[in-house]
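I'd like to ask some things about the structure below.
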Amino acid sequence: MKGRTIFRHGKEGIKNLARNGWMTFASISAVAIMLLIVGVFLLLILNLNHFATSVEEDVEVRVFIDLTATTEQQEDLHKKIERVPNVDTITYLPKEEGLEQFIESLGEQGEIFESLRGENPLYDVFEVRAVTPQQTEGVANAIEKLPYVEEVGYGKDIVDQLFSFTSFARQVGLFLIIGLMFTTMFLIANTIKITIIARKREIKIMKLVGATNGFIRWPFFVEGLLLGVIGSLIPVAVLALAYHKLFDSFGQRIEFMFIDLLAPDPLLYQMAGILIGIGAFIGIWGSMMSVRKFLKV
Amino acid sequence: MIEMKEVWKTYPNGVMAINGIDVSISKGEFVYVVGPSGAGKSTFIKLMYREEKPTQGTVVVNGYNLGSIKEKRIPIFRRSLGVVFQDFKLLPTLSVYENVAFALEVIEESPSHIKRNVMKVLDIVKLKNKARFFPHELSGGEQQRVAVARAIVNNPAILIADEPTGNLDPDTSWEIMRILEEINNRGTTILMATHNKEIVNTIRKRVIAIEGGRIARDEVRGLYGYER
Amino acid sequence: MIEMKEVWKTYPNGVMAINGIDVSISKGEFVYVVGPSGAGKSTFIKLMYREEKPTQGTVVVNGYNLGSIKEKRIPIFRRSLGVVFQDFKLLPTLSVYENVAFALEVIEESPSHIKRNVMKVLDIVKLKNKARFFPHELSGGEQQRVAVARAIVNNPAILIADEPTGNLDPDTSWEIMRILEEINNRGTTILMATHNKEIVNTIRKRVIAIEGGRIARDEVRGLYGYER
Amino acid sequence: MKGRTIFRHGKEGIKNLARNGWMTFASISAVAIMLLIVGVFLLLILNLNHFATSVEEDVEVRVFIDLTATTEQQEDLHKKIERVPNVDTITYLPKEEGLEQFIESLGEQGEIFESLRGENPLYDVFEVRAVTPQQTEGVANAIEKLPYVEEVGYGKDIVDQLFSFTSFARQVGLFLIIGLMFTTMFLIANTIKITIIARKREIKIMKLVGATNGFIRWPFFVEGLLLGVIGSLIPVAVLALAYHKLFDSFGQRIEFMFIDLLAPDPLLYQMAGILIGIGAFIGIWGSMMSVRKFLKV
């Protein structure tokens, strides 16, 4: 293929975009809308995943220290826990502070237990976090065997439930987003296909005048690529603006410490990459698939 | 140049359009194909540039056996041909200029060469001033002349024309015939289906008459025939 | 029946196709419209069934002023006409039978009436045996005859035909002319653009010659003219 | 319009569906896929809403009864609370039972408080539910003024947070589903439009042969209606099957008492109604809108 032919195909592809006016608009808006939907759910699901992760990370092992242990023995235990595999952080919580926290966490009802301050029934506690939340059980079992450990608590039932819930939610999310991507691909390819079917006669004429399949295909390749990229830039721009706005006003508008949005910085670039990638791929693919059918003349 | 042996063509809907045709056309010949409406002239012609494949028999054009030619080589084969289609087959989204230039673009000619040649043939068919128009902005006869221009622009070895004067007034028809004769004199083989009795009877050439899908008559310097 | 007063037509792209035409055609007349390719014949004809609106001047057909006719009444007006289009304009998804029947369905004729009439006109144009075919399965001439059949099936008051014999062999052309004469004898006004010199010079009728968008000649029993 | 003409239009509409083969397939699959997406998210969001509601309904007012109140005075208070507007249910919780529940709720940690059984520091409590969760605050304020009420607790902070969270989640859900529906409409109408643009020439020919706008439009109306309805039946069937399956296997597969799916019975019918309604409306609308553009001949 000569250089000027490559240039010609590019020019021709762009011209076709312009000349097919309404069809081009329809295809681009199909790409834009579907990718907008994909993008919205991608952002939503990534944030929910982030939320699930932060909930999971709240899981910790509470190590109740034998009441008879001296300060040295407690320190010794601290060192031993440090050596347990997969342990991330260890925080010491004396029983006075523990009671304080407990009373506070009960809110108004807590006042009833103020009387306990004199005869504190609690233990001194090490709060231990595993490197990943899923390793919590192993860490707890290992710590239980150490000396001066009265008891180890990490709410096995609740944690198991939490993990099976988050993993279920992740599966559902993944399933939805993959399903959405596939249907998007199908739908966009579909739309492109219709616009190309409408040009079936033209393709036939070109072949009858001596054009090779490649000669006919390249402008469609360019056209498909442009359709896909232009179509994906729109949702990328819309989503980036909207997400920034949401992120900036988030602190004020709703105040739940337990929901915080992912920072726009790497997230939006990743999303842009994914959407533009899907757009370009599907534009080219849809266009090539559809042209192929009419080349046998 | 063109060889047909025992060729039959039945369309998918069961119409038997060509029923055993044997014909041989040599390089440089000028052949009229005549016959009543629906006789099979266009089908006969479509077999030669392989828009249709024969149901039976062999068709050899320009050295290519169209029964066994590889998919990939068909475009190369077609480039040695110029075809004026009965229904013009202009590309609706391309201007007159671009429609004609297309036949040269596919063979990757240089832009300057394309420009020169396209303007030359548009001048020949008297459409130079409509180069920027789109097909739907042309009259029937003008569209037909664009189709003629596209068919001759690549200096084909064989020119196949299916009623190239059907939409033209007599003067313009004679003009087109003059062009075809000139091309023929330069060595191009010409095959032309036509209903124009006056032309056939005036510019005397070989006449193949088709009726019911068979060759009814094949005369070296024939007449249109079918007198009223 | 048809009255044009100082009619001008300039297409959006600037082409001045009709430049001041005054013409009057009475009921029952048979008029040929002749002229070179691109002279404005088709445009002249398109103004009469209001495919195109005049840029200036008034066109009155069958009592309808086409400049001021209400959008809603255009279909009613068109039903009193039969039109053979230069490019046939058959509906590609309808069979031959359905294409012809369409002109009767729009006026809500009874199915039995439709069936009888459609088969009758298909018989007249010799296409009865192709009633179930689709347009793309027909030869050029066959398509043209379907277009003629559709134009005459509703017994129009005016029959407008744009080169109705362009794709037909002489015998079939004469056959079509015979049909048109017969319809004309029954009182239908006929307006026919044509390039067929032999027909015009044999079946002598009024001839309107158009050149460059103007009436160059208007003779009661004229000849084709434009001798070579 | 004569009867046979109506019949003709119906027949013609169906024929067109068949004759436009690929275009019909493309339109129907566009409708089917978009409505599948809408349906999935509709079911998801309705279930999340249901979940939010059930969480909200857990909100109750705890009325701590003055320690000095006699049994009669307690009964008197019960009757007074009953007369407070918007009160739905009242449950009496003696302090012994209260402690029991409290210790249980703490799980393993609760053992520490076993010692309290002797000297129970709790109050007898009325647990009061408002008719709707949002009326809780008003009810609490009214009860606070009654005699023998030591204190009223309903976790104002947590409840406020919960409500603002659920209402935010509902808003997001509503926004997503409405956005999805509009984009669906646009996209389907778009696809139909392309298929009709490809038939522009045909419409023009019909008009030139004397067809009225209505005559041309009706078959397109029928075609659009059928496209929409057929296209919506597919996702309705798929979703109904899938939801039933999910609902049936839900008890075993994941065990969270706090998530339970809405019963399929009214839900799936509602969903079917919505999807078929959207499908039919949009099929007709998309088809009519697009035809209109080409009728001016």
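Note that the chains take the letters A, B, C and D in the order they are written out, and that residue 1 is the start of every chain.
The definition used in the following text is that a residue touches a chain if its C-beta (ideal position, glycine included) is under 8 Å from a C-beta of that chain, and two chains touch if they have at least 3 such contacts.
Just so we're clear, the structure is a prediction, and the values are computed from it rather than from any experiment.
Enquirer: Go through the assembly and pull out the chains touching chain A as well as chain B.
Expert: Chains that touch both chain A and chain B, as defined above, do not exist here.
Enquirer: Given the touch definition stated above, what is the smallest step count connecting chain B to chain D?
Expert: So the least number of steps between the two chains is 2.
Enquirer: Look at all chain centres (mean of CA atoms) and spot the one farthest from the centre of chain A.
Expert: Following the centroid criterion, the farthest chain would be C.
Enquirer: On a C-alpha centroid basis, what's the spacing between chain C and chain D, in Å?
Expert: The separation of the two C-alpha centroids amounts to 62 Å.
Enquirer: Using CA atom averages as chain centres, what separation in Å is found between chain B and chain C?
Expert: The computed centroid separation for chain B versus chain C comes out at 28 Å.
Enquirer: Taking the mean of the C-alpha atoms as each chain's centre, how many Å separate chain A from chain C?
Expert: 67
Enquirer: Whole-Å distance, chain A centre to chain D centre, using C-alpha means?
Expert: That pair's centroid distance is 25 Å.
Enquirer: In graph terms, with chains as vertices and touches as edges, which category applies: line, ring, star, complete, or other?
Expert: ring
Enquirer: All pairs of touching chains, please: list them by chain label.
Expert: So the chains that touch one another pair up as A-B, A-D, B-C, C-D.
Enquirer: Report the residues of chain A in contact with chain D in the complex, numbered from low to high.
Expert: Going through chain A, the ones touching chain D are 22-23, 26, 29-30, 33-34, 36-37, 40, 44, 107-109, 112-113, 115, 121-123, 151, 153, 155, 157-158, 161, 164-165, 168, 176, 179-180, 183, 186-187, 190-191, 193-195, 197-198, 254-256, 259.
Enquirer: Within their complex, state which residues of chain B touch chain A.
Expert: 49, 51, 71-72, 74-76, 78-79, 81, 83, 85, 89-93, 102-103, 105-108, 110-111, 150, 154
Enquirer: Over in the complex, which chain D residues touch chain C? Could you list them?
Expert: 1-2, 4-5, 8, 16, 19-20, 202, 205-213, 215, 296-297
Enquirer: In the complex, go through chain B and note every residue touching chain C.
Expert: So the residues of chain B touching chain C come out as 11, 13, 15, 34-38, 41-42, 86-87, 133, 137-142, 145, 162-163, 166-174, 195, 197-198, 224, 226, 228.
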